[in-house]
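Both complexes shown next keep subunit A, but they swap its partner, so subunit B is in the first and subunit C is in the second.
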Partner chain A sequence: MATSSSSAIANKGFASTDPELAAIDASVRWPVLFSFLTSIHWMVVGTILLVYASSLTHPQETIPGLSLFVNLSEQCSFFTYGRVFPAAVDALVYGWATTVGLGLAVWLLARTCRTTVFAPTTLMTGVIFWNIGIALGLTGIFLGDSSSVELLEFPAYSTWVLWIAYTLFAIPLFGTYLGRKPGGDHLAQSWLLVALLAFPWLFATGTTLLGYRLLSPTLSAAGLPSSSWTGSLPGSGVMQGLLDAWYVHGILTLWLAPLGLGLLYYLVPKLSGLSIRFGSKAQVAFWTWVVLAPWTAVHDMVGGPFPADTVTIGLIFSGLIFIPVAFIGMNLVGTAWAGEEKQGHHGGVVLPFLSLAAVVFVAAGISEEILSIRSANQLLRFTMFRECNIFLWVYGFFSFTAFGGMYYIVPRLLDFGWRSALLIKAHYYASLYGILLVLAMLGFGGVMQGLTLENTDTHVTIVNANDVALSFYIAATMCVGLISIGSGIFALHLGWMVLDWLRIQIRGSRLASEILLEPYEGTVPAKSSEEVSA
Partner chain B sequence: MSSTPHFRTFFYLVLASFFFNWLFLVVWPWTNLGHQAPIQDEGSTDITPWAISGAAHAGEEVYAANGCVYCHTQQVRADSSGADIIRGWGTATDLSDDKKQVTRRSYPRDYIWQHEVFLGNSRNGADLSNVAQRFPDAATLYRYLYDPYILNPHSSMPAYRFLFVRQKISGQRSVDALDLAGDDAPPAGYEVVPTAEAKSLVAYLLSLQKGYHLPDEKGPVPATPSNKS
Partner chain C sequence: MSQHNPELQAPHQPNPEEAIRPDAPDFIETPEVATVSDETERLPLWLFFLCGFALFMAGSSFTGFNTFGLGLYDQGPGGPALGPGGSGPDVVVTDPVALGKKIYNGNCANCHHADGEGQPGVYPPMGGSEYVLGSKERLAALLLHGISGPITVRGGSYGSAVMPGWAISFTDDQMADLMTYLRKSWGNTANEAKADEVSAARAKFASKADAYCEADLQKIAPNGPDPSDTKK
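What follows is the complex of A and B.
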């Protein structure tokens, strides 16, 4: 058994057998683990809020006891739908996905650079600030400071904290990258770097928009003639809608998607023991994605009060997104499925999550492609299909990647096994069916709702569209309930594991039922991860 | 790895692709949309669209705080891009001649006075571009916010009772007090009155009325109106 030099952890079969990698894992242990634990907490919070928010839209008879919540939402502004729903989405996108994504990025970057992470204490401070920012932002939304700009609801005072937190993250990460060992190059790094560069760019543009909103009443109150400044500041008029569309789709396709893809490009070949299928297309896929993906922003602009030529050009570019989606699908789904076939039993515990994530990535790409078709967009633009699209990215693709990643990473950080195979199985199936059903409900429901909303019969009203949508929303709420059970199981399992680990650290003894996950490195040909970037 | 470009090349390529998208999707539209001014009628001081009152601006904040935008859009698409006009969301009474109706799509110029623009992406509720058109007065709108089921038994809108207070009638009944009947009616001697937040929200909603024509309807208009030069 190899023993790492710096942290001197005795490898009990869970840490990497490569002493170099084991030392790297040990160096990022605390920031990564802390980001995982806090992100799980936000996932639970976000899911509970989401179930609550969506149950508010149902008739009170459908669920026993619901009238209590409805009364609460009517009497108390904290619990009204328009505050709980954005709080839920932000808790999931920033609290859950982004926090866990930062943790995954730290681990993956250190590993692929083959160097211990630069300034881990700064990273730890970054995680703490990030969580403070999220908590402040969510509190602000509940108190009524929400800006109601999609995904930028957090009030300005929390935005500053998030900026500080991100800076604390970015500096050690770029430091780690620049200090990488010779030969420490991997395609996964390109995806990570794109995400890390895109986030400040997106966030800065989003903050500009919010800045305008803060500034304009002041300027107006100062008695400045409006026409002299209205248009001269960025973020006036419909530019707010345009910037927001650009921001939302940027967060999905240039922040969350690259973070997840980076991990998949690293772990899928490692776990399946195969080099990436059609690996020569991986670079093409990367560059076409970076160029084309942000154009999906125009999906929220078709037909609206925006310049028609921008929308037309945007639809052409975003329609080409099938190119990277097809290549990435061939790379990741191809490799993952071949690996499952080769290893039998679905290839262990981690690979099923990752291969599902790869499939959902393709599904999300297809939904983007559908929205790039002008007539389909007109039908689905204002329906629950759009929720389905965002759900695919955040809850579908990214969450599955993160779950798979955590099942792989946490034992290697702690040199300690997961506690129960049954819980992992329960989590997998609850999430699998929950997410598939939600997607089916919201996707099909979106089409039905759109057919009513866009009906050319003048007698059809919004009430008819709501009647059609309602049953799909009720079904979707129940499926989100199923997902939340899965997520709850995962949260409890991780908590149990960490507590047991702490107990062992204190007592210095081993528990009997420790070994559950097979360490994969032994079964994989050496250097397999490096073949990826070829 | 020879296939991974050097960091500097990689960095510049990524920045270039971001910049390309940002330039065409953010900066270029801004040069078109960012400098729009109201249109001044020839030989008069009237402008369209006209400015919004301070109460309505305060209402924008209430609208944002309570997340109305998560169910209501404020954009009417052209006939060729959706059924918004057929739903009646693009129709308003002409502000200059109340016997005429204006039916049209939304243009960027419609939004120039708003500090906070709520275009919206979801239609669980009706479009609100011309919501003032559908409510005859503030009292009806207060009642609708207090209990949507009174006016629309099929509504899926939540009630916003926290925007109102129940208070004891001291002396004369308040002019703003809601006319409520049935379950909603307060006990004798009490009345339900809108808070300041409800008043500004309603002022904002009643400002949402696009009963005027814009030169944009005839085709693109130069960003700087000719009457300025």
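What follows is the complex of A and C.
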């Protein structure tokens, strides 16, 4: 066999050169890799469902090829909007964002604690249970067991599994944190800890108080039908709306956002080789965000049957998130752009994703800011602007952070490189233009829809508003399609990489692609006797 | 990069057709930089002012909407507070013009428009209308039972559309508020209507089964100010 020439694909040398960091990466390899792979699977499932659900918001004939789906939704209750849309959102929020978030959290916690992870087998079991819970929950939604509470649609039986999964997951994380070494990165760590503590708090409150999905089957079995006790829960009657808004915005602003920010605060200085710009404001940004951001929940409540003081205080506090958003933007966008400048714009593949994520964070913050203005909120609250807002958080900010993180982490875990720079470029540009177009379509479309809805000319009715919205919805379906193409490229790329890596692990030989890429060096290597005889 | 890795002056630039190589910038482990540097960078002045503006807006929003109380529900300024009347101090709007305006905008402005000018030939105007400024009894009859056929208002002929009666839609109080609003807006300065006047008209014309025509209305009272309107 010919020796590997210098220009062949290097299959080694991606692990950290720092032996301490390399040992940490090796200790979290399997749980993190498994959570990444399963989350990608949910991302593909969720994206397909989302494109399909989005296509149900307008006549399917407007986009060729979608007519196939019409028959599905007309003939089978499985594929109606009321089941597909919550299933898509839950697959994306819990299946994709939360699962990949758990993987990122394990890696980041081990890195910032500067210690190998505690009990990785338990972590792995936790991730497996988490995936079982998601699969059960989505099946339940499709079967019609949905609880119809936004983001808490999963039926009780899957909620129990998710609880067990998070508990299994939390024990090793707690152990890792207790074994931390001094000198860790406290900025990234504080964001991460907020996320890891807020998630069980939110999820516990949501599942027990709100849908009482967790308790009612058990209590009914014990002879207490839910009708006899649900009225005495705090989360009954009109307060359900308030609690659910708090839950949804908590998941966005106290779980996904801090996770993403933790990763950005860790990776951006590392990749750019620069300290965080305006770093002295980072602590202020952290505390103001944690205190103020959950108040964005009232954006769904203005004009609703809620106490006036709740709405007023909420709008004021959520309006003040301008301050953390501006500081975080100065911190992260400033540092990432300076780093890109320094690397030369075609330097790395990770930093562009992270700087895009930081910019989208600011955009999402500004969209929250707009909804904090009472008159703007009244104009926009029932329009597609709200979808734009949630889309920016989950699909924009968090997903881009996670993609950047995976481009950074996976080669270090496997000590194996990404297969193609071209695919990464394609993924980046599909994401970039997709999110810009979604922002334009849903944001501008939301304003137009709102202006039509609020038009005082009585000849303009809700029918006109729907007509205005229609073209923007069609455009949005196409933009979601563009982002999905990018995500699909990533999924294929990751699969290709992991399969190649597995093949090398099993066979211990070079890849076919590697041999093909080898340059012709003038002489044909002499055939070995084995090949001649064959 | 170079200041941290003197031995790697020019990191490898990946060719798009190649796989990513370990000497690409992403995979060079930079020596730890302090996440937060010791020297503090000063915030740019515009950001300082923007944050100040956000605080100012928050404060002004607080003073604009600080109607707090257990029974108070969100209505914003200007609207009636729809409290259950419990422990909170309810702000109850009693101005009949304001109440009438709400009724007008919700029910009448469809045809007669928010500016009260109606539509030429179809919907008569409200400002300066003989029927609005004239007898309150006649106006109440018109509103309660509706009108069909042509009607002359401000010298122009209107009425290619039929106005339905509103007898079952509004209480006497609401009808009085609406009439007061009509009689005091768009330059109109007639006196206000009372609920008992509406209830008297309601009882008097209860037997009327269909809409009025102009001649019937003129029979109730000719054009000219209402007898109770002492100003004119």
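By our rule, the second predicted complex is superposed on the first by the 467 of 534 C-alpha atoms of A that agree within 3 Å, B and C clash if a C-alpha of one lies under 4 Å from a C-alpha of the other, contacts with A are read in each partner's own complex, and residues count from 1 in each chain.
Note that a residue touches a chain if its C-beta (ideal position, glycine included) is under 8 Å from a C-beta of that chain, and two chains touch if they have at least 3 such contacts.
Keep in mind the model is a prediction, meaning the values are calculated, not measured.
S.K.: Between subunit B and subunit C, point out the one touching more subunit A residues.
M.R.: B
S.K.: Quick check for you: in the superposed arrangement, does A:Gln189 touch first (subunit B), second (subunit C), both or neither?
M.R.: Only subunit B is touched by A:Gln189; subunit C is not.
S.K.: Give one of first, second, both or neither to describe whether A:Pro294 is in contact with subunit B, with subunit C, with both, or with none.
M.R.: Touch partner of A:Pro294: subunit B, not subunit C.
S.K.: Counting only touches as set out at the top, which of subunit B and subunit C does A:Ala491 meet: first, second, both, neither?
M.R.: neither
S.K.: Given the touch rule stated above, what does A:Val45 touch, subunit B (first), subunit C (second), both, or neither?
M.R.: Neither: A:Val45 stays clear of subunit B and subunit C.
S.K.: Report for A:Leu320: first if it touches subunit B alone, second if subunit C alone, otherwise both or neither.
M.R.: second
S.K.: Is A:Ser420 touching anything from subunit B or subunit C once the two structures are fitted on A? First, second, both or neither.
M.R.: In the superposition, A:Ser420 contacts subunit C only.
S.K.: Should A:Phe278 be classified as contacting the first partner (subunit B), the second (subunit C), both, or neither?
M.R.: In the superposition, A:Phe278 contacts subunit C only.
S.K.: One more residue to check, A:Leu102. First (subunit B), second (subunit C), both or neither?
M.R.: In the superposition, A:Leu102 contacts neither subunit B nor subunit C.
S.K.: Going by the contact rule set out at the top, does A:Tyr265 touch subunit B (first), subunit C (second), both, or neither?
M.R.: Only subunit C is touched by A:Tyr265; subunit B is not.
S.K.: What residues on subunit A does subunit C touch that subunit B touches too?
M.R.: Of subunit A, residues 185, 187, 302-307, 374, 456, 458 contact subunit B in one complex and subunit C in the other.
S.K.: Which bits of subunit A are touching subunit C when the two form their complex?
M.R.: Against subunit C, the touching part of subunit A is residues 9-10, 12-14, 16-18, 21, 185, 187-188, 265-266, 269-271, 273-282, 301-309, 311-312, 315-316, 319-320, 322-323, 326, 330, 342-344, 346-351, 374, 407-408, 411-412, 417-422, 424-425, 456, 458, 517.
S.K.: Could you list, by residue number, the parts of subunit B that touch subunit A in their complex?
M.R.: Counting only subunit B, the residues touching subunit A are 1, 3-4, 7, 10-11, 13-15, 17-18, 20-22, 24-26, 28-30, 32-38, 51, 57, 63-71, 73, 75, 77-78, 81-83, 86-88, 105-108, 110-126, 152, 154-156, 158-163.
S.K.: List the residues on subunit A that touch subunit B in their complex, please.
M.R.: 56-57, 70, 73-77, 80-83, 85-86, 144-148, 150, 177-178, 183, 185-187, 189-190, 193-194, 197-198, 201, 205, 213, 216-217, 220, 226-227, 230-234, 236-243, 246, 254, 283, 287, 290-291, 294-295, 297-298, 300, 302-307, 310, 313-314, 374, 378, 381-384, 386-387, 453-458, 460-463, 465-467, 469-470, 530, 533-534
S.K.: Inside the complex, what are the residues of subunit C that reach subunit A?
M.R.: Those in contact with subunit A are residues 1, 3-4, 11, 13-27, 29-30, 32-37, 40-41, 43, 47, 50-51, 54-55, 57-58, 61-62, 65-70, 72-76, 81, 109-110, 114.
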